[in-house]
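Sharing a structure here in structure tokens format.
Think of it as A, B, C and D in the order they're written, each chain with its own count starting at 1.
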Amino acid sequence: MEKKILLADCPDQKGLISKITNICYKHQLNISNNTEFVDRTHNRFFMRTELDGIFNDETLLADLDSALPTGSHRKLVSASRKRIVILVTKEAHCLGDILMKNYYGGLDVEIAAVVGNYDNLAELAEKFDVPYHTVSHVGITREEHEEKIIETVSAYQPDYVILAKYMRILTPNFVAAFENKIINIHHSFLPAFIGAQPYKQAFERGVKIIGATAHYVTNNLDEGPIILQDVIHVDHKYSAEDMARSGKDVEKSVLSKALRLVLEERVFIYENRTVVF
Amino acid sequence: MEKKILLADCPDQKGLISKITNICYKHQLNISNNTEFVDRTHNRFFMRTELDGIFNDETLLADLDSALPTGSHRKLVSASRKRIVILVTKEAHCLGDILMKNYYGGLDVEIAAVVGNYDNLAELAEKFDVPYHTVSHVGITREEHEEKIIETVSAYQPDYVILAKYMRILTPNFVAAFENKIINIHHSFLPAFIGAQPYKQAFERGVKIIGATAHYVTNNLDEGPIILQDVIHVDHKYSAEDMARSGKDVEKSVLSKALRLVLEERVFIYENRTVVF
Amino acid sequence: MEKKILLADCPDQKGLISKITNICYKHQLNISNNTEFVDRTHNRFFMRTELDGIFNDETLLADLDSALPTGSHRKLVSASRKRIVILVTKEAHCLGDILMKNYYGGLDVEIAAVVGNYDNLAELAEKFDVPYHTVSHVGITREEHEEKIIETVSAYQPDYVILAKYMRILTPNFVAAFENKIINIHHSFLPAFIGAQPYKQAFERGVKIIGATAHYVTNNLDEGPIILQDVIHVDHKYSAEDMARSGKDVEKSVLSKALRLVLEERVFIYENRTVVF
Amino acid sequence: MEKKILLADCPDQKGLISKITNICYKHQLNISNNTEFVDRTHNRFFMRTELDGIFNDETLLADLDSALPTGSHRKLVSASRKRIVILVTKEAHCLGDILMKNYYGGLDVEIAAVVGNYDNLAELAEKFDVPYHTVSHVGITREEHEEKIIETVSAYQPDYVILAKYMRILTPNFVAAFENKIINIHHSFLPAFIGAQPYKQAFERGVKIIGATAHYVTNNLDEGPIILQDVIHVDHKYSAEDMARSGKDVEKSVLSKALRLVLEERVFIYENRTVVF
């Protein structure tokens, strides 16, 4: 007995649930959890099905391909533990939260390595027995630096790459190397305060809320599909530094929750938006 | 072409979604929206399906009854506009919010009548052309008063009875007359501060949040199945009166949202808990 | 015995609280409530003091002027009921919330008139016995229309002008006519989604929160000092229309709360930011 | 130049702010931050003043004692770093959050030791170079165990004792040993779900929010003065275990924030309630 997750999305049409669940039934797979959604704006159907049983992936997918309309995507993924690599710069809170939850409960993932452009978080990764690689950007070009990062990360063949406050801008080259696999935490409620120093921007604008956004990374800075967002209330007593400090709790909480959703294969990407089951 | 909603819950077993959607498909009904959930604690399956087509209710339900296991509940309800009667005492905010939303958009319901034990909200109901009945409790027993209320409400044959800050305790007689049809808004985050004057209790306990709870009414005061809850933050500057005033926005918002969920047939009751799709 | 509120802000220096409270004490005024704040970024002191007693405004202010440093602002305002004019376009919810709260409790303000560029909310204003003026923009220039609005509003000499979903852009002429007296509710968490159709923008960006912002109106569209903001969580199931409908509860709640703060003279404006006591 | 915090509370009367700030001025102390509040229900005045300068504590307090009415409390505390001891049982998240924040920024406190009734968190404390003491409750009476705990904790002379998910009930003996110095995190929105297994209780009651409460510990279980509370929304998909897992983020965030408030001397206790500046 194995556990797998079927993810399918396609143009909406009559009878899709019936067709898909019948195929699962025919394959003697038990549906332990099922969620569907129809995006009426784009007339698209999304379905996520947790299955238990003995799988013949090839014939199951072939049956699905016969049944589903043109323009469908479907994948059958194992529900087993995923592998991630975490990228960091200098801030410890997001990395620490993931390490703590993975060690003491709350997340269940293989953290293959932490890669940073400084060495100051090596100690934290080592506290939790996770390999740490310092790949300094000093004295080399952005392209050279990124190549080294890609090489270091790729060696671990991660399912996902987590930017846990990695403060460097990525090139299309990097994004292409891990397409739809890079999750970033941005320290503002996007689309407000794109780019550098969002808390400074927030202070100057005089906002009464600050927040954080977890999103997939695409080639447009801070414009990828949003997975999760949250905010906290602030007031005039908060300096930009106070905002930054208070915001950390939101950042780490949003990133950890988004990571969990991604690891459980709950997130579809479509038209630069996400469907999160 | 008609639109109906199928609600089914039963002991969980393999193939339920497939069976139910097949029956719908066989009846040439289109599933425009579908949600399922399995409560693992009670091993119970819940499914809500929005259907479009031409219905033969009798054969559809017969087919479902053949397919579903012992211990199933199922109902097929029209997706058309529901009829409610609202009970009030003296406070205007919840009634006003429902009236405003029904008149200007946000709710779509037939408000058959408002019934109050005082006459001071008659003017408000009349502003929105809704009949108002004053059924005073003065000079009669609780039982006599309730009989009059039941009589007045029953005359309208409401789908639901909404207690929009109706401040009198109901007897089992009343609850039985409108079983699983009475929605109450309680001005605390239940189960805290059951009973009278929750804001006074909240002030005395020195809480830092206050809230509201919309729930179905059962025979146990403030202990019925919870539909929705929300809170706001307060601090030492709030007197009990400030809490009561600020709480009104939460109360009306929670009641309106819960009412909308109920009217759209999104709420299952099971084991004194709700499944809200 | 009268009740007044003293608002003072000035460059910070040693002994300010002592100086100001001594002056109040010397004038035999009782401080029933006092709040101060020092903005360290701008090195500026803010103080709001509720005073009871018999006032000689002229000598009190003269004493303060002697005591306070260069660059100070101070005003002494009556704590009595303020007068407002409300501007609307077609949406009823913010207007309705203010009318309801003023009539049944929660706000205490003289609503001198409602002015709209359509006539469809006349009925709502009249339900609550508030004069309504339709000033149509049809067939005249923006400037001509605004002149008419200014004239209509000015006739009531309002303390504040509330834009309760008034959907037309104001010219500097209008802003100058009611400087620091115009409060707007914008249906997004600013600075995100400035301008028209923020919910449509929010849907297209795929955000997971939507919100509302109450702010003073300056010459830069949606860029005035923010008084209050709040958000609610949304997910992929929300269409742009669902966002708009759900957002209304946040809009009306944020505007009503901000209005209350403004009416109680709790808001300082400084450097395009607010200090809210 | 030193930095101290003056905390005073007394029956309200005219001129208190003036009197106190004059005394500070006379002592050539600069007020860098000042907050007052009058609790109208109990007619009591609270004031917290951050002072910079050269202090003669004895004469300053003597001057204050002369000026303040009967029934006053006042204390002058150093703004320097406090010392805490943390008590734990088996759960790591609250302890981990405090250790992380203290090490990497967000809290600034001397964590003198962690004391647990199991040894499984020793490793975590040691990761951050904090001494850990296992004081097992096995094979001894509750009283004997508590005596050992008191002895171990007392040896460090902590300013505060933090119960970071310490799951044992304290006797009056323990509470007396650290009066008004014990901070607990309870994993529910008190006063709901007092006592053991609040998430199990929450699941069974079918609530739609879960939360956490940081409070001072008194002799009545979970009934001490509340410092801070927060909640998150849950739905029918949450099992009791899911609630427990999700609740951890709220617990650790609420405890860390409350601890920060306490360490900055921002919390007054009065009539089993708190005033939090």
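Structure notes:
In the analysis below, a residue touches a chain if its C-beta (ideal position, glycine included) is under 8 Å from a C-beta of that chain, and two chains touch if they have at least 3 such contacts.
These numbers were taken from a predicted model, which means no experiment stands behind them.
With respect to chain A, maximal separation of chain centres occurs for C (centres as means of Cα atoms). Across the two interfaces under comparison, A-D and A-C, the one joined by more C-beta contacts turns out to be A-C. For the pair chain A and chain D, the distance between C-alpha centroids works out to 36 Å.
Taking each chain's centre as the mean of its C-alpha atoms, chain A lies 40 Å from chain C. Of all residues in chain B, those that touch two or more other chains are 233. Against chain D, in their complex, chain C makes its touches with residues 14-15, 17-18, 21-22, 24-25, 30-36, 38, 233. Interface residues of chain C, counted against chain A in their complex, comprise 37, 39-41, 189-193, 203, 205-209, 211, 225-231, 233, 235-237, 239-240, 271-276. Against chain B, the residues of chain C that register as touching in their complex are 91-93, 96-97, 100-101, 103-106, 124, 127-128, 245, 248-249, 253, 256-257.
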